[in-house]
Amino acid sequence: MQIRSPEFKANSVKALSDAQLQKALGNVRAGFIDKRKKAVDALPEFDALRENGKAIKDHTLANLDLYLENYEAQVKAAGGHVHWAETAEDARRIILDLCASRGVKTVTKGKSMISEEIALNDALEAAGVRPVETDLGEYIIQLRGEHPSHIIAPAVHLNKEQIEADFRRVHTHLPADRELVEHEKLLTEARAVLREQYFKADLGITGANFLVAETGSSIIVTNEGNGDLTQILPRIHVVVASIEKVVPTLEDAAQILRLLARSATGQDMSVYTTISTGGRREGDPDGPDEYHVVLLDNGRSSMLGTEFQEMLRCIRCGACMNHCPVYHAVGGHAYGWVYPGPMGAVLTPSLIGVDKGGHLPNASTFCGRCESVCPMKIPLPKMMRHWREREFERGLNPAAARYGLKAWAFFARRPSLYRFFASLGIPVLSAAGGAKHRFSWLPFAGGWTKYRELPAPEGRTFLQQWAQREAKKQEPVR
Amino acid sequence: MQHQSTKRPTVGLFVTCLVDLFRPSVGFAAVKLIEEAGCTVDVPMTQTCCGQPAYNSGDREDTREIAKATIAAFEEFDYVVAPSGSCTGMLKKHYPALFAGDPAWESRAAEFSKKVHELVSFLADEMKVEGVTAKLTATATYHDSCSGLRELGIHDQPRKLLASVEGLKIAEMQEADVCCGFGGTFCVKYSDISNAIVTKKTANIETAGADMLLAGDLGCLMNMAGKLKRDGSSIEVRHVAEVLAGMTDQPPIGGAN
Amino acid sequence: MSARDAILNKVRASLGAGNGPRAKVVRERLDGAPRGLIPERGQLPDAARIDLFAAQAEKVHATTERLASYADLPAAVTAYLRSKNLSASIRMGDDPRLNGADWSMQAALEIRRGPSDGNDETGLSHAFGAVAETGTLVLHSGAENPTTVNFLPEHHLVIVDAKDVAGDLETVLARVRETFGKGQMPRTLNMITGPSRSGDIEQKMLLGAHGPRALHIMVVGS
């Protein structure tokens, strides 16, 4: 996937003027925020569970090598195969090799952000293998040649009229005069079209919400059931997952499952939580013959032991972006790579470099709403600030901003100079504000006055007035 | 603290640079409220800014120097109080982290942090102020500024004290807890996004049916006032301290329409 | 160096980790599988637990009914099919508890055995257990209850023993461990909470995305 994160500003301007997008983004509040709040408020133990979830992940990350080794041994014991991939390129090659050696022509896919991260669909198509996304949202954006704009609601940026147009464009085997206006009609059509594909596919690819070290299992969580049809109908099931998805035991997964769906969609539990372990057993009447796991690192091991380690607790619920005012304004595509919103603002620079992803951690008001809803208590604003520090150390931020900041800091570090210049400048500025007490334009304040008036200072500074008041008190009484 | 009933607690007022430069009346309102709560107020002249512009731009070195000067200027007081959730959050929550592992400053920053309070929560929680004597005939809506709300848990305190202002009605807006889009340098670095966010905020303010907007942070207030005034709104914008202190004679932030 | 060793070495180097006590802590955690926090609502006594299970399942658009015994199952299935205007045919696996009911009384009912091929309107499964806390059914793969029956039919009927309705998920997972052995799992363990749905079109929740449009749960016994 082409990286467009350096063009974040231009992307966001475009997004802000896209009326369709702005209309669709209006669905986020009712669709996610209110539902999450209701579900969380109904479980008194939710905050205690957050602490537990955090502790589970922290413990696992501190022992990640050992849990990965145990996980691998258990997958093998259950007859499955583990493939280790250091990079996205390695992961693609492993999957393409599997397809080639087993004569795979069609691949169905459950929703997987790792698959997006390694740009798997492009690689499959280039190798003559047809990937079919089966999550409704993913299917829609695949028809449009787009990428997800949200990690759990990939088509949240679209309205139903756009989806109808896409279905009419692509599903040409269906009568042109069919009724397709209602949501239900669109869903029914997608269900019928995709049902055929499940049976055609030779290989099914899913992601994983958890890998369980105790049992060598992968766990997927869906509402549609597409992930299950993807993994039980084809001959081969391939799980693509990153290394930090591992948890020690089933009990640990159970703790975090109580957080995941509530945080994501406001459900107590997603409709389908499926634990898969190995391929078809003796006597099984259905299920895949082969079970493979591709374990991806792609830069995560280098995040361990750094100020970004806590990001690896992320369970990809999407609550941070659902509650982010910046995401609400520009949507997910503006972020320019796979992961949008606050989690993307931290993760993207880790995975593609801060030189390319630097805008993302800067484009935050630090309102802290993301951290307040994060089920894994990831200090997202703090880590965005750490990225700003890395940028500053490397001199990556714009020169004008650096000089401006340095000039400001010069005065902030010298109180008497600060007071002196403020006492001269502020009354002048105040007088210039006139009877309206505000400015519509000021030199060097264009970033502010483009959209807002700038309130004028009242008059003399507080410190000026206070000093005078104190001096008066000291005067001898006549 | 029992024996201190005879001795009034001393409060160092951290004015904040925005109040110092743009709206001194908020500082005087704060002084009045703190004195009425039974404290002695002083204002160290060596204060400038809390350091957030440097801190949030990744400039740790300057931030630490500013923090050291601030700590040194305020260490002598029983309490440090600021009329801003954002600056208070910086002093209280972020200063200690700046000096983690620094033998000379770690404990100083931690001791300092314990004394720091945001104005309205200081009055309600520390000084147990139950109400104020101010009067104002108006219908106000209150915006929860992000740092105050999420870093310091300030939500009920301003509402409780505002409820005691005779004649004042509160009309809650939708999404009072959502960011106004100010974000310090964010609002100029990403002005288009900031504008989109503040546009939603002012729409919620207008719908609330209030004639006055209140909040506890001047940055947010200037942002929202600037937008309201640009759009020709007649809603008056004031810092919550002005109303609680009964000091509403000066023109509102950004002037009247 | 293999990719495996390269990744594991990088992980160890980043963590600055030696082996000693870590290995013991990890082993104990894997062996002990300690339970975390169980919400109060997952710890109700018998009758209240089954009521909660039914209420939670209905909240997510499943339908529920109580059966006194397996003898009532065939009539209940026929009644459901009739009430929904469905063809008199069900797909089911080779579960002895399902087979034990006297289906001959429902002469018009066609019973198809084995996994579903996608041409079944209605499937019938026996659940391994259920979780009251969330209204969740737990089923596992095998000849007795093929996984395809859980997903391909439009209507999914599931029977579960009242005694197998646990308060919390952990209790059912412990039973799985008891049944299959420590560290062992059935190929697939399905936890099902309501019928299939999607909110991918304008965040409007619709039932019947890829899996069953309807989930009907029969709790048998007391």
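Lettered A, B and C in written order, each chain numbered from 1.
Rule of thumb we're sticking to: a residue touches a chain if its C-beta (ideal position, glycine included) is under 8 Å from a C-beta of that chain, and two chains touch if they have at least 3 such contacts.
The structure presented is a predicted model; accordingly, all values stated were derived computationally and were not measured.
> Could you tell me which pair, A-B or A-C, is linked by more C-beta pairs in contact?
Answer to which pair has more contacts is A-C.
> If you average the Cα atoms per chain, which one ends up farthest from subunit B?
Centroid comparison gives C as the farthest chain from subunit B.
> Taking each chain's centre as the average of its Cα atoms, which chain lies closest to the overall Cα centroid?
Per-chain C-alpha centroids ranked by distance to the global centroid put A first.
> Would you kindly tell me how far, in whole Å, the mean C-alpha position of subunit C lies from that of subunit B?
53
> Subunit A to subunit C: how many Å between their CA centres?
A distance of 30 Å separates the two centres.
> Rounded to a whole Å, what is the gap between the Cα centroids of subunit A and subunit B?
32
> Could you list the positions in subunit B whose residues touch two or more of the other chains?
Residues: none.
> For subunit A, which residues are shared contacts with two or more other chains?
As it turns out, subunit A has no residue touching two or more other chains.
> Give the residues of subunit C touching no fewer than two other chains, as numbers and ranges.
Answer for subunit C, listing residues that touch two or more other chains: there are none.
> What does subunit A use to touch subunit C in their complex?
Listed in rising order, the residues of subunit A that touch subunit C are 24, 27-28, 30-32, 43-45, 48-49, 52, 56, 59, 62-70, 72, 74, 77-78, 82, 84-86, 90, 134-137, 140, 153-156, 158-160, 163, 183-184, 186-188, 191, 194-195, 198-199, 213-217, 223-226, 228-229, 232-233, 243, 248-252, 254-255, 257-258, 265, 267-281, 283-287, 295, 297, 301-306.
> Over in the complex, which subunit A residues touch subunit B? Could you list them?
Where subunit A meets subunit B, its residues are 9, 12-13, 16, 325-326, 328-330, 362-369, 371-372, 385, 387-393, 397, 401, 405-406, 408-409, 411-415, 418-419, 422, 426, 433, 435-438, 440, 445, 447-448, 450-463, 465-467.
> Show which residues of subunit B lie in contact with subunit A when the two form their complex.
Touch residues, subunit B against subunit A: 15, 17, 19-25, 27-28, 43, 45-49, 51, 53-60, 62, 65-66, 69, 146-147, 150-151, 177-179, 181-198, 200, 222-223, 225-227, 229-230, 250-251, 253-255.
> Which positions of subunit C touch subunit A when the two form their complex?
Per the touch definition, subunit C meets subunit A at residues 2-4, 6-8, 10-12, 14-17, 22-23, 25-26, 29-30, 33-37, 39-41, 56, 60, 93, 114-115, 118, 133-136, 141-143, 146-148, 150-152, 169-170, 173, 176-177, 183-204, 206, 208-212.
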